[in-house]
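Structure first, commentary second.
When the chains are written out, they are named A, B and C in that same order, and each has its own residue count from 1.
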Amino acid sequence: MATSTPIDFKKVAIDVVVAALMALIVFGPIVGVVLDGYSFNLQPSRVAWMVLAVMVGRGVLSVFLQTPRGAAMLHGLESGGAGVHVRQPDYKSRLRWIIPLLIVVALVFPVFASKYLLVVVIGGLIYVLLGLGLNIVVGLAGLLDLGYVAFYAIGAYGLALGYQYLGLGFWSAIPLAAIAAALAGCILGFPVLRMHGDYLAIVTLGFGEIIRLVLNNWLDFTGGPNGVPVPSPTFLGLEFGRRAKDGGVPIHEFFGFEYNANAKFIFLYAVLFLIVLLVLYVKHRLTRMPVGRAWEALREDEIACRAMGLNHVLVKLSAFTLGASTAGIAGVFFASYQGFVNPTSFTFFESALILAIVVLGGMGSTVGVVIAAFVLSTAPELLRSFADYRVLLFGMLMVLMMIWRPRGLIRVSRTGVALRKGVAP
Amino acid sequence: MMDGIFLQQMINGLTLGSVYGLIAIGYTMVYGIIGMINFAHGDVYMVSCYLAAIGLAVLSYFGLESFPFLILGTLIFTIVVTAVYGLVIERVAYKPLRNSTRLAPLISAIGISLILQNYVQIAQGSRQQGVPTLLEGGWRFDFAKGFVQISFTKLFIIIAAFVGMAVLTYIIKYTKLGRMCRATQQDRKMASILGINTDRVISYVFIIGAAMAALAGVLVTMNYGTFDFYAGFIIGIKAFTAAVLGGIGSLPGAMLGGLILGVAESQFSGLVNSDYKDVFSFGLLVLILIFRPQGLLGRPLVTKV
Amino acid sequence: MSDDIILSVEHLMMHFGGIKALSDVNLKVKRNSIFALIGPNGAGKTTVFNCLTGFYRATAGNIHLNAKGGEVNVLRLLGGPFEGPDFVSPSRFASRVYYKMFGGTHLVNRAGMARTFQNIRLFKEMSVVENLLVAQHMWVNRNLLAGIFNTKGYRKAEGSALDTAFYWLEVVDLVDSANRLAGELSYGQQRRLEIARAMCTRPQIICLDEPAAGLNPQETEALSGMIRHLRDHHDMTVVLIEHDMGMVMSISDDIVVLDHGNVIAAGKPEAIRNDPKVIAAYLGADEEEVA
């Protein structure tokens, strides 16, 4: 690429030296001096590598930003180009071919899948559900919910404790968990949503941690860190175990087929898949419905919305509660497929993972969230050695996405409508 | 009702509260100037705890034994390095987002918070870290219904925190830098028209906030001895509560809010239940937001239409 | 309050901390008229608007809106602080709590008063039509299930909302831009879209905050025509703040002049034009502007 202006290497050198100095101060003590009891070990080589990496990175960035393409990109970042467009009214998405294809693949999948693969995919689908729910709250309504995992926990513990104390089963737990999570969302959201938007973030952050603390500390009720066992799901009273436990009939005996150890997971997969499809459809409709439009309008300009007669508190609350109830449903599936719940599944990192899914996949579309959910939730399965760096990568992902593509959270293409002329007399 | 436990918790509360107040300053100043909750601030504090322990270990390794020099050296080292952390974080993660959507800096801050936690975990290991007791002894007062102990460490913490706050108040009130900060807080656009480099002022605010968190980190490390990579999370939420309680954007408010929250929390854990002290603080945050969102010393919020 | 007064403001006072933005504002707006609020910069015009439309809760005074067949007290809708009588009468207490929980600016709009903003506030990253559909939120089928299953009733409600949207687009001459993003429109178009959006809430009184600011003379002329059209063909009452004296004098039925938070003159355009107090308030700048 031809550069119109020569690259100013003096400036690059200064940038690199400043960056190296900063990196040395920042990384030097923490990376180079490892505490060992009251003493310490020196690890200078780690620091050297990191400083070197920062220098190279800064140098490349500095040179790149001086090329015309880099300058253009910088300009684009600063002006915050929207990149949103309205589709033609007669636009037809390619998805209308892809979706039926995916449904067919999903239908034949359990026939061939091993148990391990089933479990991984169920995990992925749970994150799809969580991602879709949080995308309503963060992506559409523009509310930052950092304690989303609390509603997930309410769903999971709702099934576990509901079974233990009230004898609830899988099927009754699904609607009840959704309602319980929605109620919790209402009680938390109503007072806070009347305030400036940013307070919601910190209150939900606290709420997520509080739910975990209560689950951990209330030994008599929740079993504390030991957790609670969760019953296997049943289908029309039929059980999926080899032998009946609660006086029911095992499904393979009832239908007279060979016992299949995967039966429970195939069943969970099937139900979960149907629910994900349902939620996808509902979300597709919501963005075209008055309430969906109102969420997006609130995200754009709250003051204008109030002047239009929208009760901003209730509109925001509806998004918040809907997101919460989706997490509640996801929690029930999580509990059933684990067969056991304890508070360690509901830490802040889990909320951060779901947020990362929304941030990465948000890209304006539901499809993005589905893909991101699968990528982020199954990546640790594929890259075991990266497990330690998982959170670090999520963090970097969030920062880079915000700098590079902050509009990823906005629906990029909007539906067009056919013009109607001659309505006015 | 002046029994021993009450008085003892009062002293513990003041110690804890002055730490909350120091951290709350970082939240309140950043919020005041760019209207953003800096979620990474709690983790900056956590990094400063590690830096304090590292500073102490290295300085004692080189034979520095006397308490005043040891603590002074550690303080300078921790404050300088933490301030650089504040500066770098602001430059890398927040400055490019100044004209972005409202959510972008918040999400970026969460990202930084995750990065710091995991980075420290990888670099230093997941186990709890600690420092030896530096300042032995204290005073003990006996009376009819029990006794009260004031360790020198606690006394040192309260005094150091107040000195730190006094210095900061002086800077904000009487120096040119302070005037620039206040002007930028009032009206960023106008301040930049008047020739103030507002980007630089914002960087200073992050540096000041980080320095105050570093002071808190050194003091907490001295008093409680142990910490881990997750230490910044809960204390961050509480310091934010303190900032809201005092009135976000107000410096004296942050200090007052910190003290009140510290005392209330200590009394709650002494008199009611210490398992749920975090739940109590959080409940307090929600109640303040409902009934007095502008806090104790804050100005009522008027939406600009 | 007689029926031909749609909006009456009595002893309106607004303090921000120690600053008195409005000391004692009284005005009455006649139904189906064009009413202008003028005054030098900083006189408190926009503050009056913000009080009227419920964005600020006035410190003291009364604002009565008599539209859509009912009379409402705007301050009550905003859920003010508890007062003595609230603790005596349970029904008053309940209504106070209700408005504290669910009250707010939006109720003022639902009572029939719409507004535009001095610095345009459109939903910039939504399409022009979507802007108008959001404004009809209270008039469409908001039933979640009906929307999800796309029932006949829902489609009908959406269809008529689209009809209304395109009706107003035609009035403000923006039909061809219907599928563009609101943020992409030119300044003048954005101003017109904002008026169309306010009209989509189906108000009886509309408050325009400097609608001609930044428009060229032709656009201002077209705007004047549109405002008259609203009054004559849609039974609207228009309240406007405007600095363009030519426009104000030509279209207004009544004018109130504000200075330092006080009403200094009120009357027909002719009387205002020659009022010495008004001329003094504008400090000589009046010669060119009022001419």
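Following the convention adopted for this analysis, a residue touches a chain if its C-beta (ideal position, glycine included) is under 8 Å from a C-beta of that chain, and two chains touch if they have at least 3 such contacts.
What you see is a predicted model, and the numbers here were worked out from it, not measured in a lab.
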Starting from the Cα centroid of chain C, hunt down the chain whose centroid lies farthest away.
B
Which chains touch each other through the most C-beta pairs?
A-B
Any idea how many Å lie between the Cα centroids of chain B and chain C?
46
Distance from the mean Cα position of chain C to that of chain A, given in whole angstrom:
41
Averaged-CA centre spacing for the pair chain B and chain A, given as whole angstrom
30
Of all residues in chain B, which are in touch with two or more distinct other chains?
303, 305
Enumerate the residues of chain C that touch no fewer than two other chains.
55, 117
Counting only residues that touch at least two other chains, what does the list for chain A look like?
303, 410
What does chain A use to touch chain B in their complex?
22, 25-26, 29-31, 33-35, 37-40, 46, 77-80, 138, 142, 144, 146, 188, 191-192, 195-199, 201-203, 205-207, 209-210, 213-214, 217, 303, 348-349, 352, 355, 359, 388-392, 394-399, 401-403, 406-407, 409-410
Show which residues of chain C lie in contact with chain A when the two form their complex.
53, 55, 102, 104-107, 109-110, 114-115, 117, 121-127, 129-131, 133-135, 137-138, 140-142, 144, 147-148, 150, 162-163, 166-167, 170-171, 175-176, 178-181, 183, 197-198, 201
Under the stated contact criterion, what part of chain A meets chain C in this complex?
82, 84-86, 88-89, 281-282, 285-286, 289-291, 293-294, 296-297, 300-301, 303-314, 410, 414-417, 419-424
Across the complex, what residues on chain B touch chain A?
35-37, 39, 47, 50-51, 53-55, 57-58, 61, 77, 80-81, 84-85, 87-88, 92-93, 96-97, 99-108, 110-120, 122-125, 129-132, 233-234, 237, 240-241, 244, 275-276, 278-279, 282, 285-286, 289-290, 293, 301, 303, 305
